[in-house]
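Sharing a structure below in C-alpha cells format, with a few things to ask.
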Amino acid sequence: MIIIMHPQVTEEEIQGVEKRLKSLGLGANISRGVERTIIGAIGDERQIHKETLQLLPGVEDVIRIVKPYKIVAREWHQADTVINVGGIPIGGKTIQVIGGPCSVETQAQMDLAAQGVAAAGCRLMRGGAFKPRTSPYTFQGKGIEGLEIFRQAAAKYRLPIVTELMDVRYLDIFLEQQVDVIQIGARNMQNFDLLKEVGRIHTPVVLKRGLCATISEWLMSAEYIAAGGNHNIILCERGVRSFEKAYRNMLDVTAIPILKKETHLPVIVDPSHAGGKASLVPALSKAAIAAGADGLLIEMHPNPCDAWCDADQALTPPELNQLMEELRLLAQAVGRDF
Amino acid sequence: MIIIMHPQVTEEEIQGVEKRLKSLGLGANISRGVERTIIGAIGDERQIHKETLQLLPGVEDVIRIVKPYKIVAREWHQADTVINVGGIPIGGKTIQVIGGPCSVETQAQMDLAAQGVAAAGCRLMRGGAFKPRTSPYTFQGKGIEGLEIFRQAAAKYRLPIVTELMDVRYLDIFLEQQVDVIQIGARNMQNFDLLKEVGRIHTPVVLKRGLCATISEWLMSAEYIAAGGNHNIILCERGVRSFEKAYRNMLDVTAIPILKKETHLPVIVDPSHAGGKASLVPALSKAAIAAGADGLLIEMHPNPCDAWCDADQALTPPELNQLMEELRLLAQAVGRDF
Amino acid sequence: MIIIMHPQVTEEEIQGVEKRLKSLGLGANISRGVERTIIGAIGDERQIHKETLQLLPGVEDVIRIVKPYKIVAREWHQADTVINVGGIPIGGKTIQVIGGPCSVETQAQMDLAAQGVAAAGCRLMRGGAFKPRTSPYTFQGKGIEGLEIFRQAAAKYRLPIVTELMDVRYLDIFLEQQVDVIQIGARNMQNFDLLKEVGRIHTPVVLKRGLCATISEWLMSAEYIAAGGNHNIILCERGVRSFEKAYRNMLDVTAIPILKKETHLPVIVDPSHAGGKASLVPALSKAAIAAGADGLLIEMHPNPCDAWCDADQALTPPELNQLMEELRLLAQAVGRDF
Amino acid sequence: MIIIMHPQVTEEEIQGVEKRLKSLGLGANISRGVERTIIGAIGDERQIHKETLQLLPGVEDVIRIVKPYKIVAREWHQADTVINVGGIPIGGKTIQVIGGPCSVETQAQMDLAAQGVAAAGCRLMRGGAFKPRTSPYTFQGKGIEGLEIFRQAAAKYRLPIVTELMDVRYLDIFLEQQVDVIQIGARNMQNFDLLKEVGRIHTPVVLKRGLCATISEWLMSAEYIAAGGNHNIILCERGVRSFEKAYRNMLDVTAIPILKKETHLPVIVDPSHAGGKASLVPALSKAAIAAGADGLLIEMHPNPCDAWCDADQALTPPELNQLMEELRLLAQAVGRDF
C-alpha cells in the first residue's frame, strides 16, 4: 500500500500515518519528494482497510499495489488449470464448444437439440431450465421439470450438461439431478451468497462476467468461490454494456489476453449473448478463439423461429455445423486442438 | 409493435408477417413508404416475443411502442404513491432523510449513531447487518446479531429501520425482527427470485438501481415486486458506473425527473455510495433535492476513522447536522416540506 | 512517480531503474515490501515519459502522483478566478445565466430572442452561427452573416455574446466581430490546434467537456489554452455519453464539486444539451446550481416549433422567465447572488 | 419516419400531425392500435427535422426508419470498395498490415523503422509528424520536417505512407509532400471542417473512430467526406472508452461484422492504440482478422525503450516479424490473401 500525502503535509501528519501503520502491524518507508511525500506500507496489505488510512490527516490518496485476489491469480499458480467434466477437459490445449438452446422447452425440442449439438461435434450441451428474465411477464423457464428433460436428452449422446442456477434454494436439486456444470449468470456475478454456496461443492462452475463488471471484480467473484474450496471455475466473457446501440453488448475481446495473464483459470466466450444476433455469432466466435479463448458457449435451436426466448440469437443446426468446420481450421492456425 | 421491412421486401414476405400476426391474435396495418414498408401490429403487444417476429423473412427491425411495465407506470396510476413507514410518509410533499452507518458494528456504535441520526432531524435510520462485499476477505456483516443490535438502538429514538436483504433464506428473520424497510442492493436489482419473494410480503422495499441498469430495466425490476402484490416500492438512485475515475460512481441526476414522469413511486438518492467520498455528499444531496428527489439515504458514522467499511464516505454527526440545516433551506426554496 | 516492481524482481533490475532515473536527473527511494519492491522517483516528474520507465525489465507498473496540469490547478492558485465579460463577472459569488437559441436563423428571430433573454434577467446571450452537425445533410449554420445578425440583436440589450468557434481559420473574423466569449464545443475539446490558437488571445473561452472526456483530460485541455497565456477559461459541463437511452447525455453533476476542488476556474452547466429535452431543463438547472455551479447555458427560442435545430430542447420565453424566478429562490437558499 | 402518439391523443392532434407532414411534402398513414395510435410518414425523411415533429401536441416519440447515411451505405452500393494506394489494394480479398512508429523522431530512427516494416512484409508504413497529445507539455511532433524525414525513409522501400492531419491549414503541405494516405485521428472524427476539406481532395483517408462514437455517428462522419466527392475512405476501429481499467481502450470487435454489413468501405483495426500495451497486440490483431477486418495498423519501433511517445505499445522488429508469420497462417484459415 502506498500513501500519498498532501503537498502541504506537516511532519506531525506523517508521523500520524506511521503510527497508524505500526498499530496495524505494518512498517513504513518514507520518501520525501519535491512535490509530494509518499509513504510505503510494508507488510500484508490484504488485511487493511484502505479507507481508514485515507481518512487520516494529511493523506491525499492511498494506492493498493497487491492484487486483491490470490487463489485464482496466476501469480500464485503458474500452470493453466484444466477442469475435467466427465472426462472432457476444459482449459489446456483443446478448445471446447458448448452448444444448445437458450431454454429447455419440450422433450422433443431438447432431443433434437442434443442430436444437433452432438452431430456438430460439440462435446458439452447448454440449456436453461431456470431463466433470468428482465420482465415478470415473459416465460420464466420450465424449472425442475426442465432439468429432467435436459438430462434425459443429453444422456443419449453422453453430453455433460451446463445449466444456470439462480437461487441457492435449488442447489440440492441441481446436485440430485447431477448437473455437470453449474452456470452463474451475469446478473448474479455479485450475488455473494450464491457464490459462497457453489464454493462449498465440487461441481465445476461457469462464472459469467457481470454486465459492467471490471475484470478485477470478476476475479474477486471467482475468488469467493475458490475461497470456499471449489477451484473448478471457468470464466465466461459475454459482452459488457456500452453506449453502442448497433448490437446488444460489447464483446470485450481484450479481456481474453488480460485474463490469460492474470489467472490460471480457463476462459470461454458466449458470442450469442454478447452480440444478441445469430448473424454476429460466427465473427465473434472466431475472434474469441483467435484471441486465445479456451472455448465457446453457443446458442443453437432446432427451430429458432419457434424458440420461446432469445430466438434471434440462436444458430440453426446447419449453421452450427458450418461454424464448427470453420472453427476447426482456425483452431489449427492458432495451434490449438479442436 | 412496429415491424420495419427490408428495402427489397417482397409481397410474399409482407403477407408472411401479416399471417404470423394474425396467428398471434393481432391485426396488421400496412404502410408502404418510399424507402421502406412498415407494418403496425394492432393488439396487446406485451404478450408477444419481439424476437420471433424479427426472424421472419423480410423483417429488418421490430420496435415496441408500449412500455414493458404497467403497475409501476404513471400512465396507469397518475397520483404520487406515498408509502407509510410507521407513520412516516415517503413520497408526497415531505422530504425524508434516512441516516446511519454503512454497517452495524457494535451496540455502542449503533446507540451513538441512532442518537446522532435523531438529533440531526432524520426520521428513519439505515444500517447494514448483511454486507455485500467485493472481496471474500473483508468484513461480511454481523448478520442476525446485527439486526438485533440495530433494532434496539433505533427503538430508543422511534426510528424505523432500513436494512439490506441479500439472501431469500433470511426473509423470515427480517420479518420476525420487524425490519421496517427492506433494502434490495444494487448488485441484487436483477436477482429475480429475491424480487419475487419481497413481492409476496407487504413490508416497504427500497430498490436500488443496478450498477449499470437502464431506467427501464430498473422499473421492470420494480414491476417484478409489484406483480407479486407489494406496491410499497421506493426507488433509490445511487450512481452508475462510468469511465470517469475522479470519484466512485456517476450520480445520474437526470434519472430523477425521468422517473417522476414515468412512475408514481417515490424516488430517493444515496449520495454517499454515489460519490464514495464524504466531501461530495453535501453537493450531491442538494442536487438531488433540487432535481425533485423525495428523500436521501446518507451515511453517518459516530467516528468514521474507526468504521469497519466505507469509512471515507460517512459524515460525522456534526457534518450531518450542518447538512440537514442546509437542506432545510433548500427544500423550502423548491416548495417541499422537510 | 512511483515504480512498482514485479514480485520476482532481481537486484539488477532494481539497479537498472535507479540508473535510468539518475540519467533523467531524478533521485530514487527504494522500499522493499513483503510482496513488492517499490521505487519512488524524486524530482519533477512532469518532464518524464512514464512509458519509457514502464518498459524497463522488472517493472510492473508506474504511477504518477502529481497532477498533469498546473496553471489551472487550485493547488497552484487558491482563489476563485472571476472573469470579467464586458463588466459582467463569471465565477465568484454571482450566478450567471446565459440564454439564447441553439442557432442564429434570422434577424427577426434573434431580435425576439434577445428581447426574451434580457426580459428574463439573463446577462449574457448565446447563439450559434457555425454549427457542428452530425449529418452533412442538415443545416450547418448561417456563418459570418449569422455573427453580424447576432451582434446586432444582442447590442440593443447590451448583452455580451457567446458563440462557437469550430475552425481556426475563422478566429480573425471572431475577433473583428468582437465576439465576447468564444465557445469551444464538446467535439473540439481535444482539437489541440484550435486550443492553442484561442490560447494566444485574451477573449474569454467557454470550454465544453468532451462527450466522454475525463475531468482530468478536460483540465488538460484547459491547460493547453492557459499555457498559451489566456487564463480566461470557463468550464462547461454538458453531459457525457452513457448506456442510458431515456435521455440524450448523462449530466455529470458530481463533476461540479470535483472541479471546484481541483481548479480555480469558473464552472457552468448546459442543461439543454445534457438532457436534450426542454422538460428536463428546470430540474437539471436547479441540480447544477444546488451542486455549486457558477452559471448555466440555457437554450431558449422565441418559437421552438419553428427552430432550425435542436427544437425540442429549447425553452419558450415564458418558460425561461419562470425558471429564472425559481432559480433566484434557489440561489438565495445556497447563499449565492443572482 | 414513424410518429407515436400519446395514449390520450385527440382526433385534432392526429390531424395536426397529418397537416404538418403534408406541409413538408409527406404523406401520412394512420394506424389506430389498442394502446397507441401511430402515424407513418411517407416520403423522403432525410430532409425533415425530427425535432419539429416531436414538439407537436399529442406526439410521444418520433422514430427514424431510414439510415441517415447514404453514399457510404451498403444498401446503396453492394460491392466492397477496394482503394488503390500506389498499386496496393486496401479492401477486397487481401489483408494489409500498415506498420511503423507512433511518431517520427529522427532520420536514423525512420530509416531503421522502414527497413523493419518492409522486412516483416508490411506493404504500407505509418508514422506521425503532427501528434495530438493530451498534455501541452509533452512532445508535439516534428511537424513539416517530420514529413520529409518520413517520405525519405519510406521511399527507399517503396512503402506508401500514412500520417495524421490535425489542422486544415496543413492540408496543402500534405498534398505537396505527397502523403499517400491521410489519417484523421479519433479526436477529430467530428471535426467537421477538417472532414469537409479532406472530402474535396482524392487522397485516401483513414478515418479513425472517435473515442466514444457510435458506429452510426462514425458512418455519418465518413458521409461528410464522401459527400464532398472523396470516396476513398478506410474506417479504422481503435477501441472505445469504457469503465474497464485493465487496459487503455476496449476494442470493439463486434463493430467489424456490423460495419461489413452496413457499409462497403474497407475496415481496418489499430490494436496498438486499442490495448495500449505491446503484449496485447498479437491477440487483438488476430481477433480483428478472424472477425473480418481488412487490415491492421500496428505500431513498431526499432527501439521501443527510446521511443518519444507511446513507448509501451510498440512492437520490436522481431516481434512484428513473428506476428506477421502468425497472421499469415490465420489469414489462410479464414480464406484471405495476405
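Should a chain be cited, it is by its letter among A, B, C and D, assigned in written order, with residues numbered from 1 in that chain.
Operating definition for what follows: contacts are C-beta pairs under 8 Å (C-beta built on N, C-alpha and C of every residue); 3 or more make two chains touch, one makes a residue touch a chain.
Nothing here was measured: the structure is a model prediction, and the numbers come from that model.
Return the chains common to the contact lists of chain B and chain D.
Both-contact set = A, C.
Which chain has its C-alpha centroid at the greatest distance from the C-alpha centroid of chain A?
C
Between chain C and chain D, tell me the centre distance in angstrom, where each centre is the average of that chain's C-alpha atoms.
Chain centroid spacing, chain C to chain D, equals 26 Å.
Using the average of all C-alpha atoms in each chain as its centre, how far is it in Å between chain B and chain C?
From the centre of chain B to the centre of chain C is 31 Å.
Going by the contact rule already set, what residues in chain C reach two or more other chains?
As it turns out, chain C has residues touching two or more other chains at 212, 241-243, 245.
Spell out the part of chain C that touches chain B in their complex, as residue ranges.
212, 214-216, 239-240, 242-247, 250-258, 261-262, 274-275, 279-280, 283-284, 286-292, 326, 329-330, 332-334
Using the touch definition up top, name the residues of chain C that touch chain D in the complex.
Residues of chain C touching chain D: 46-47, 49, 51-52, 54-56, 68, 132-138, 140, 166-169, 187-188, 190-193, 196, 210-212, 217, 220, 223-224, 227, 241, 304-312.
Within the complex, which stretch of chain C touches chain A?
These residues of chain C touch chain A: 2, 4, 7, 29, 31-36, 38, 40-44, 61, 63, 65-66, 75, 212, 241-243, 245.
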